[in-house]
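Shared chain: subunit A. Partners: subunit B in the first complex, subunit C in the second.
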Partner chain A sequence: MSAIEPITLSEDQLQLHPLGRSLFRKAGIVGVVALAFTFVVSLFTADLRERFFFSYLLNFTYFLSLSLGALFFVALQHLTRSGWSVVVRRLAEFIAANVVLLAGLFVVVLLGLTHLYHWLDAEHVAQDSLLQHKQPYLNLPFFLIRCVFYFAVWSWLSRYYLTKSVELDESGDVNLTLRMERISAPGMILYALTVTFAAFDLLMSLDAHWFSTIFGVYYFTGGFVGFVSLLALLAILLQKSGRLRHAITAEHYHDLGKLMFAFIFFWGYIAFSQFMLIWYANIPEETGWFFQRQSGGWGWIGLILIFGHFILPFLGLLSRYVKRRKKPLAFWAVWILLMHWIDLYWLILPEYGQEWFFFHSVLDIGCFIGIGGLFLACACYLARDRALIPLKDPRLQESLTFENA
Partner chain B sequence: MMSETVNMPMNKERTEPATVYGLLAEFSDAGAIVQSAEQVRKAGYTRWDVHTPFPVHGLDEAMGIRPTILPWIVLGAGLSGLVAGLGLQWWTNAVDYPLLISGKPIFSLPANIPVIFEVTVLLSAVTTVFALFGLNGLPRLYHPVFTNQRFRRATADRFFIVIEANDPLFDAEKTQSLLSSLGATAVEVVED
Partner chain C sequence: MSNTAIREIDNTANDPSRRPLWIVGENDFTSVTETVCRITEQPKPPRAWYIAFAISSALTGMLFVMIAYLIAVGIGVWGVNIPVSWGFAIINFVFWVGIGHAGTLISAILFLLRQKWRTSINRFAEAMTIFAVACAGIFPAIHIGRAWLAYWLFPYPNQMAMWPNFRSPLLWDVFAVSTYATVSMMFWYVGMIPDLATLRDRAKTRVRQIAYGIAALGWRGSHRHWHRHEYAYLILAGLATPLVVSVHSVVSFDFAVSLLPGWHTTIFPPYFVAGAIFSGFAMVVTLIVPARQYFGLKEIVSLRHLENMNKIILVTGTIVGYAYSIEFFIAWYGGNAYESFAFINRAFGPYAWAYWTMVSCNVLAPQLFWFKKCRVTPWIMVIVCIFVNIGMWFERFVIVITSLHRDFLPSSWGYYAPTWVDVLTFIGSFGLFFTLFLLFCRYLPMVAMAEVKTVMPQAGLEHGHHRGVGDYHGEIPHAHEPEYWEKG
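== the complex of A and B ==
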C-alpha cells in the first residue's frame, strides 16, 4: 500500500506536444473549411441565408456555454480552495480561455442580428406595443454595449486565471494562488450577472414577448454539465494518448462523475421549475413559448430531453461503479454533450419556424464542425508549450494522493 | 494527556469469571496498520477489526471489506417514496375526494412532481441514516475493548487490531505470535 508515500510525476508525459501541433493544424483547417462550406451553402437561397444564422447561433452558444462552464469550474475551485481538482484544473483553464476565440467568432452573429432578433425590425416593433415597451432595454446600441461588456469580463477573467496559473508553474509563488482565490468571489458575482443577462440577450430575446427569470440559470446549468462531461472526456482521451497517466486516477473520475450526476439532476430541477410555474399560472403571455415547443415535432424533442437529458443519465450515473470506470463514464460524457446540443436546438430553432429540409441540417452540422474545429484548435494553441497540469500548485500533492474516503 | 502509568481499576466488582474476548495489538503508525491488516486477512482470520484515530486510506482494501449494500437499501427507499408520494396524491386528490384546482385535470403529473420529489428525498435521507446505524450495529454503548487501558489512545495517536476469540482460527499462542511478528508495540488479552 502506498497511501502515505508522495507521488512523483517524473514518468508522466505532461505536455500536449507533439500531438498538439498537428491537432492544432488539422482542427484549424477542418474548422475553417467547414465554416466556409456552410457559408457557401447558405448563399443558395434567402431562406438558407436566414437559417444559417440560426445554425450559427446554436453552435456558437453551445461552445460558449462549454467555455463559460469551464470558467465557472476554475473560479469555483479557487473559491472553495479545492485540492482534489488541481490535476484537471489546467485543462479547464484552457477551455475557459477559449472564450477569447468566441469573442472573435461573435462577429458573425452580429452580421445576422436582423435575421435573428425581431425586436430589431422597426416596422415590426411599430405594430407591437409590447416590444415598444421593451425598447429601453432591447435596442441595438445598448445590446452591443452589453455584449462587449460580457465578452470583456469573460475574456479578462479567463486570461487572468490562465496566465497566473502558468506563472505559478515557473515561480511556485503561493501569493499567485492567493490572488486567484481573492479574485474569485467578486469574479463569481460578475460571472453570474453576465451569464444571466447574456442568456437573456442572446437566446431569450429571440422571442422578445416571452420572459423567464430562471432562464439564465437554465443556460448556465446545461453549459456546466456539458463542460464537466467534456473535461472527463478530455482526461480520458489524454490518458489514452499516454499523457497524465499517473496524475489522474479513478478518484478524480469519480468526482467528475459526481458533478455530472449532480448537475444532470440540477438541470432537470431547473427545467421543471421553469415549466411548472408557467404551467400552473397558465398566462398566455408565458405559455406561448412552451406551446410552440410542444406542437409539431417539437414535443418529441421535448420528450427526448426529459428522458435523454434527465432520467436516463440520472439512472446511468447513479452507481459508484460507473463513475469510477473510464468506458461507461466516457459514454455518458458523450451522451450528455449530445443532449446539451439538442437542448439548445430546442431552445433556438422553434424561433426560426416549423419547416425543415435536408440543407437545414447540413448548416447545423457544418457550423458544429466549423466552430468545434476552431474551438479545439484554439485549445491546442493555448496548450502549445504549457504543462497540462499546474506543476507547482501548492495543492498538487493533495490532488495526486486524493482518495474518496 | 493520557499517561502509561495511569492505571484505574476497572470491573473491580466483577462477580462472574472473566471470559477472553480476544487479542488486542497496538501499532504506532498508519502505514504499519495497513500492512498488518493485510497480513491478518491473508492469514485467514474473519472475526476481527481495526481501530484508528482517523480514516486511513487503503485500509478497507487491506482488510478486504466488501462494498456496502447501503446504496441498494437507499435506492429501494427512494423508489418507495416515489410510489408513495404519487399514490398519496392520486388517491386523495383524484379518487377519494376529487378536487378541481385552477381548472387543471383532476390528476395531472406536473402538479404532483414537487411532492413526489420531496417524499423520495425524505425517505432516501432518513433511510440512509438509520440503515447506516443498523448496518454498523449502532447505537452500541459498550464494547469489551473499553476495558483495556491502552485502547483509550485509539482516539488519539494509536492504531489497534483486535482479533476475536470466537474466530475459527483463533489460538491464544499462534495469534499472539502472529500479531507480535507484525511489529505490534504491545499485544494484550481483552477480557469481557
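== the complex of A and C ==
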C-alpha cells in the first residue's frame, strides 16, 4: 500500500461564507425578477395565463421532487446508520429543508387550481359520471387539507433533521444521532404515503380519468435520481470554490455515481413497468394517457426519455472511471437533472394541449429560473452560518476515511 | 454435537460512535474454521439429522409419486377447472420463486451496499435460494399437461418449424427463472471455492480429499487467485443484482399483462419483488434460528444478524402493506366497476377467510418487529416468520384464485378447492426442499468462512494502519495516484 498524505480537516474551508451571502442576494433577486417577468408575460393573453400555471406547476413539482429526494436521502442514511455519506449529508439536509420555501410557493399553484384541474369545474363534473364518482376524494376542501398535511409533514421532518444535526455540531451528543435514527422509521412510512398521494393529487389528477398504482413510485424515483445528481453537482461546485476540499474524496463521488447509476436503472424499470403493462393489456381507460403522449410531437419527447433518461446515462455511468472523476460525473449530473425536468414536462404539459409557440417556452424557462433562483437562495440562507458538514457526527471519521474496495 | 450450551451473547446495542462486532465470543480465524468445518467433518451426523432426513426424503418420494400419478392420469386429478384454471401449481410456483429471493439479495445487493453482516448468512441463504428455485421449477413443468414435452418451451430450431409464443409472459418466465437459477448457482459456487479448498486441505479420508479437491478447482489461495476471485465475485454481484429484481417482476407479468381485474395493475412488478424478499428473509430466519442453535453457530450468526434480517422483514412487509393499500385505493379511484368488485370480493366474498389470513400474517404479524424484544428473541421471530410464510402463500392464493373464481360471466362462477393430490404435491415440495437443505448442511460449509474472517477485527481491515498516520486522508489518498480525479 502506498503512502497516504495525512491531511486534517482543520485546514479545510467548511463554511459557505462569504460566498453564501452574495449568492443568496443574487439568486434571490434573479428568482424574484424572473418570476415577476414571467407573470407579466402571462398577462398578455388568456391562453398564456392558463399556460403560466402549467409552467409553474412543472417547475414547482420539479424542485419539490429534488427536496423530497433529499429528505429521503437523509432519512435513509439515518435508517441504515450509514457511515460513508456523513460528509455530504449536511448538503442534503439543506436541500430537504428547502421544502419550507416550496410550501410558500405552493400558494401560486393554489391560485391556478381551476386552470390546472378539470375536476374542479362543476359544470364539467356534472357531465362526467367518472368524475362524479371521484368527488369524495377529488374535491377542493379535501384536496387543500391533504396538501396542508403533506407540506406540514415534509417541513417538520426536514426541519427536524436539520436542527438536530446542527445541534450535534455544537454538543457532539450521540443521543441526537440516536433520536434521528429513531424518527427515521416512522418518518419513512409518513414519507411514502405523503409522496404517493401528493403525486396522485398534483400530477396524476391533471387527467382525473387516468390512474396507475405505480405513479407515486415513479414520481419519487425521478426526484431521487435528480437529487443524487444535484448532490454530486453541489459537491463538485463547492470543491471548485475551495470548500470541503479535504472532506469529500473520490470515494464519495464514486458512491454518489453508483446511486445515480442504480436509480437511473430503477427509473427505467418503473417507467417500463408502467408503460409495458398498460400497452400490453391495451384497455382504453388506461391507454388514453399514453396515447396522448405519443401523438403529435410528444412521441419524440418520449423517445428522448427512453434514450436520455435511461439508456445513455446507464451506459455513461457504468464505468468506475467516470464515477470517480469530477468532470464526467458533473456532465452526467447536469444531464440527469435536465432529463428529470423533461420527464416532468412530459407528464404535465400534454394535459395543457398540443399547440406550442415561443412564449410557452419563455414561461417554462422563466418559471425555472424563478423557482430555481429562490431555491438556491433559500439553500444559501439555510447554510448561512452553519458548517457544510456535520462536524461532530459520530461517524464522520468513518466517512472521511472509507474506501471503495 | 449439539452446542446448545453456548450462551447467547447480545451484540445488538447501538452505539453510533463505533461499529459493532459481528462475530461474538472468543473467536479467531482458527476457531471459525473449526466451528464451520466440524459440522461436515464428523464421521456421523447426529440422530436428529437422520430423522429429519428420513421424513423429508419420504416426502420427496411422495412428491414424485404424485407427479407420476398426475402424468399417468392427467391434470384432472387436480382441483383446477374453468373458471379457476390456475390453482395450486401456480400458487406454489410463485411461492417458491419468492422464497428464492433472499439468497441472491443477501449475496449481491447487500454485497454492493457493503453490508458486512451478510457474510455470516449468505452461503446459507444462497443454498436455500437454489433449492427453492428447484422446487419452483417443477410446478409449471408439470402444469403444462404433457410434461414430457416441456422442452418445447425452449425456442430451438425444429423440423416442425414451431416456436413458442414470444409474446407470452409464461415464456418470459422460462428465461427469467432459468437465468436466475444459473447465475445464482454460479454465484454460490464461485463464493464457495475457497471454503471447499479448506475442506479439501483438512480432509482425513481419500474420498473427501478427492471430492472436495475436484470441487475446489485447484484453489491455492495465492494472491493472484484471490484477486481474480474477488473480481469475479464483484462482477457476478453486479449481474445478479438486476436479476433479483427481474425474476419476480417477470413472474408478476404473468398476472399483470392480462385484462383481469385484480391482476392488471402497474404496481405489480415492484410489489412482487418486495413480497419475494419479504418471504425469502422469513424463510431464512425460520431455518437459520434452529440451524445456528443446533450446529453451534450462535457466535457466528449472532443476534445482531437476526435483528437485521427482522428489520428487512419489517421494511418489506410494510412495502407489501403499502401495495395492498394503494391497490385498494386505485380500485376505487379508477372507477372501474369490475376492478372494485374484484377487490370487494376478495375482502368480503367467499374467500374472505384467505384474504384476512393474508393481511394478518403479512401486514400485522411483522409489525411486532417494531419492538426490539421481538427482533432479538429467537422463538418469537421464528413464530412471526412462520406466519409470514403462511401469509405469503396465501397472498398468491388470493391473487390467483379470487380473481379467477368469479369471472365476467356470473353463470360460470365457481368455488375452487384443491384435491388431495394438490395438497400432497405441495407438501411433497417441502420434502424436496428440506432434503436438499439437509444434504447441504451435512456436506458443504454452511458459513462462508473466508468472508466471515474479513469482517473480524483480526483481519485488520476495520481500523487498519494502512489508512495512513494522519486523522484523515483528503484529496490525495495514495501517493501513486496524485489528484487524478482533478484532471477529469
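Note that in this section the second predicted complex is superposed on the first by the 398 of 405 C-alpha atoms of A that agree within 3 Å, B and C clash if a C-alpha of one lies under 4 Å from a C-alpha of the other, contacts with A are read in each partner's own complex, and residues count from 1 in each chain.
Here is the rule we use: a residue touches a chain if its C-beta (ideal position, glycine included) is under 8 Å from a C-beta of that chain, and two chains touch if they have at least 3 such contacts.
These numbers were taken from a predicted model, which means no experiment stands behind them.
Student: Looking at the overlay, what does A:Tyr280 touch: subunit B (first), subunit C (second), both, or neither?
Tutor: After superposing on A, A:Tyr280 lies in contact with both subunit B and subunit C.
Student: For A:Arg81, select first, second, both or neither according to whether it touches subunit B, subunit C, the two together, or no partner.
Tutor: Second partner only.
Student: Mind working out whether A:Ala126 is in touch with subunit B, subunit C, both or neither, as first, second, both or neither?
Tutor: neither
Student: Give one of first, second, both or neither to describe whether A:Tyr137 is in contact with subunit B, with subunit C, with both, or with none.
Tutor: second
Student: Looking at A:Glu403, would you say it contacts subunit B, subunit C, both, or neither? Reply first, second, both or neither.
Tutor: Both: A:Glu403 reaches subunit B and subunit C.
Student: Is A:Arg320 contacted by the first partner subunit B, the second partner subunit C, both or neither?
Tutor: first
Student: For the overlaid complexes, name the partner, subunit B or subunit C, with more touching residues on subunit A.
Tutor: C
Student: Touching A:Pro394, do we find subunit B (first), subunit C (second), both, or neither?
Tutor: So A:Pro394 only meets subunit C here.
Student: Once the two structures are fitted together, what part of subunit A is touched by subunit B and by subunit C alike?
Tutor: On subunit A, the overlap between the subunit B and subunit C contacts is residues 1-4, 276, 280, 401, 403, 405.
Student: Please output the residues of subunit A touching subunit B within their complex, sorted ascending.
Tutor: Residues in contact with subunit B: 1-4, 272, 275-276, 279-280, 282, 318-320, 401, 403, 405.
Student: State the interface residues of subunit B toward subunit A in the complex, per the touch definition above.
Tutor: Touching subunit A: residues 30-31, 34-35, 38, 55-58, 61-62, 71, 75, 102-104, 110-111, 113-114 of subunit B.
Student: Applying the document's contact rule, which stretches of subunit A touch subunit C when the two form their complex?
Tutor: Listed in rising order, the residues of subunit A that touch subunit C are 1-9, 12, 81, 83-84, 130, 133-134, 137, 174, 177-178, 181, 185, 189, 192-193, 196, 200, 211-217, 245-247, 249-251, 253, 258, 265, 269-270, 273-274, 276-278, 280-281, 283, 285, 324-328, 394-395, 397-398, 400-401, 403, 405.
Student: Show which residues of subunit C lie in contact with subunit A when the two form their complex.
Tutor: 14-17, 19, 112, 114, 230, 242, 245, 249, 253, 256-259, 264-270, 318, 322-323, 326-327, 330, 333-336, 370, 466-480, 484-488
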